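Chains here go by letter, A, B, C, D and E, matching the order in which they are written, and residues are numbered from 1 within each.
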């Protein structure tokens, strides 16, 4: 299996794409963020000391995994059923609740998906391939008011240029963005009502991604992950990356298998 | 279109059948963007080519610099400026239009060269004969030179159209849902990339082949009488 | 008679090459002048300057009393388009390569400029064109495209096209030298007719010496941008007084020797070929030659 | 301004990757183009059909799909090539297909008269190609190959999808950290334009020396070909 | 003497147009033959077939005893390259447009084929080239490029280039018709020297009638792909027996009337211009004409 290969080789190859605070490459060349830091700790417990990091666009994370270009993806990808058919997920380590970024002052007074739906002039942007699109659709927001973007760095421009009025973002990413002080003229819609789809508040669960056939690797990973989550180091990683305590708490209460089954 | 992104992934065949109609819709966007861009390039290119031949350096110099810059820098980044920076000056064009215009402008740098070559290939004698008949410059261009240049440049313009078809995926950066972008989005949702991308590639091959064939037909259909073929 | 064309100390160069140097030249109204001279001597340049196809640097040119310079003394190529337009009204030109518009029918070739420049109605222009086509003997070709015509026919259309603008001066730059020899005659016939029956001023560059002799009032021999000798054709072509003229005529008539006159039995092998030939072919061809 | 200098420094790593991939790809593309273009212009049986299919496929599908196949799909069939190799191979095959049309066009544009003169001197097909047609066509090929080089330069932006950190990728990375898109893109635009100017200068010099002396321009760098 | 060239019932068409129909033609070794005839009559086609530049459909051609067909009867263009190579050894050709290789110096133009086809050493080829250049009077131009030379010089280089292959038969397709009139002489001088001092077989298409008369052993008049009349030049050019020959000569010699002989005072205005001219210019030119 892949784990044996890694051990034989002496180092693991892991891929991320840039999406702070979940995963990113620091300018000095080390991977940081929730995904890489957890991955480093767990692999260490599995006896793998060294990791080769690859930064690559989101859309190539899984093809590269399948093609054997890397052994594991540490980009904190969301776990949901369609994806489980193609890859294996480690148990979730973080969760994200929805937030909405709007122009400072929230001129259209958008505080929920319902507000977006009910204002026929309101336009909203979502990342391509994301679950948020599904939620917006579930709320009945028409296609012509939804704009897809592929790079998170595009999103502030979309709002600031007036092409959209809001964009969906995960709470932790929004916190980080605003705290960095780099983007002026945006704010998180506050209060914001977490959307409800199929009678449940929507929360996304994210974890490491493995090849479909690497069940033993996943098992070993999950086992060590479970142990690591009980150490203060885990909480420190979450804290350092600005995740709210509720994020990890929710994650620990769920397994990948349950998410894959649609729970 | 975005609403249809829940695709059946239960089997390869089902997946393929679910993906194909989606990509075909994306293909319409691709073709429409390329055609609109082509119109822009064909018109702007001719305009630039004629302007480029002006005897005033005040006109030609900035024009050459502009065309060179447009030609030598990536479309991706030009798109960004057109899409995000123009609104700051109150010009908010829809993404599709912005994209098509940007592609068209970039290609106008090429078509300008094509037209220029076409115009310069016309024997100097045509200019001299027109001048000897006391025709005005505008008239000479409009009645004598350009009508002769167009048939010569049709094949090269056709190649530009095919080139533009293949540039459209860049429009995904400004959220235009063209075919290749759709293929990637489907991949991002399902983590199955090979099938949608390969179908997109094949569809692209089919479309470019069809276009190339159509261009050849146009070429063959050009009047044979009255036009010196090279 | 008045001079319709006056060149006064005209200077013209291409880069470092001075083609015309303080060039003087006058043509009376209705006169038929032929320019002859070696290649590169500046014959075409004179015609092209007259047609405003080339700028010139110094001197002055007047045509039909109008100066090429603007009243404020600015040269013709800093002159406004409107000024040049007025000058070109008087002049028409025939080219070696005909330069018909290949994408227009013969009729359209002739009517285009009268309609768009002179402002004739389409019907008037058409009528004028058909008259001219009849004159050059091509009434039946009005709907043809130039490349469906022989070279001689094309040149005749070009003559009609130039005449449709009713110029006072018509310039011919080797109008038959791009033609197959047996097509030359038909074009010369048309020009001859023009010359004989009309008082159009004509300036012609040609290598058709017999034709030049027959038709011109005056022949000017050019060399290196100057008129070396001029005079009535019977004198200049037959008994040239200047040695360079004589040498040129000998080269053109003796060596190239296009048509043998049917009864010109004595061979005219000229001995003044331009290059010495130090070896004989037999020597040079060597072995293989000997084997042949 | 200082920020922009910082960005430039950050992009420098990407410039190296872009320059490497770009130059290797372009040189390979020229070689491929020459072979394929000659095969097609000379109508060499069998090979010409292969060349035709190659050109149609690589011109007809997009570079993105080709790179994806080379890097992510071929390994599923057991063929794995390194990222740099895949990037150069993809770009070279793609641009080579375009280039072959340049070569073919230039060869066919050599006047038929020249071929007849060569036949009359009893030169064989290979000698005619090598000594008569190709040297004359080469002069005509240089300007379009210069344009192709710039296209290759711009196309290198796609290799980021196979995990090569080129200029475009580095720029995206910067944007995720700083959200300073307008200025980052301005710097990026200038970087590409600068590299294009260098490519153009090289092209002009090549053109100057490939031209036979009697066709050389006096100035190399001024004026388009 | 043996016939070095034999055409037997050769048929050649371009699509629907049959250019040569059961064409017979023989040339003896050392003979100088001139082909004349109207444009499109097939003169160039005969030369081009001989040079293997055009395939033909029927009949047979032998040159220096060697058949263009392979021994198994296959036509020359299904013949192997090796077979064509052997045939081409005997033939050289001069073109109207010279067709020098523009990217090579004069010397390289001449030495290229001897080195790469005949396998001469560079030194040998160079020596041979310099001899030939001396013969055509261009020793000082060896390092020039073709477009640095005048047309006449280029054609002389082309002659040297063809001779460097030591052909038995030399074909000339209007070798002077692309030249300025005063450059024609120098080329004809070289050809004349070749003809006079050497027994090369020469077949020439030319419009230089006097030259043809002076140099040829035989003149063939072509019309519509057949030889209508042939004979010694003094007979065919001066007293043609066939009316079509007479008409052609009248058109070429009478109308185009290139050089007037210095003392040919009586004007030869031919009356058989090909087109009727129904109107006079004065009528057609109308108002503006009258004003001129």
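Assume contacts are C-beta pairs under 8 Å (C-beta built on N, C-alpha and C of every residue); 3 or more make two chains touch, one makes a residue touch a chain.
Predicted model, so just to flag it, every value in this text is computed and none were measured.
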Chain hops separating subunit D from subunit A, counting only touching neighbours: 1
Steps needed, at fewest, to go from subunit A to subunit E via touching chains: 2
Subunit C and subunit A - chains in contact with each: B
Maximum centroid distance from subunit C, chain identifier (CA atoms): A
Taking each chain's C-alpha mean as its centre, the one farthest from subunit B: E
Rounded Å distance, subunit B centre to subunit C centre (Cα mean): 47
Subunit B and subunit E, separation of their C-alpha mean positions in angstrom: 51
Centre-to-centre distance between subunit B and subunit A (centres being mean Cα positions), rounded to whole Å: 37
Multi-partner residues of subunit B (each touching 2 or more other chains): 84-85, 193-194
For subunit A, residues that touch 2 or more chains besides their own: 59, 63, 151, 154, 157
In subunit D, residues with contacts to at least two other chains: 68, 72-73, 76, 181
Set of all touching chain pairs, with the criterion as stated earlier: A-B, A-D, B-C, B-D, C-E, D-E
Footprint of subunit D on subunit A - complex, ascending: 15, 18-20, 24-25, 27, 54-57, 59-60, 63-64, 66-69, 151-154, 156-157, 177, 180, 182-183
Residues of subunit C defined as touching subunit B within the complex: 48, 51-53, 81, 85, 88-89, 91-93, 95, 97, 99-105, 112-113, 116-117, 145-148, 158, 161-162, 165
Residues on subunit E engaged by subunit C in the complex (per definition of touch): 29-30, 38-39, 128, 131-132, 134-139, 150, 152, 156, 163, 166-168, 176, 180-186, 188-190, 192-194, 197-201, 207-211, 213-214, 234, 237-238, 248-249, 251-265, 267-270, 273-289, 291-292
List of subunit D residues in touch with subunit B within their complex: 56-57, 59-66, 68-69, 72-73, 76, 150, 153-154, 157, 168, 181-182, 185, 188-189, 192-193, 196-197, 200, 224
Residues of subunit B that touch subunit C when the two form their complex: 123, 125-126, 128-137, 139, 143-144, 147-148, 223, 225-228
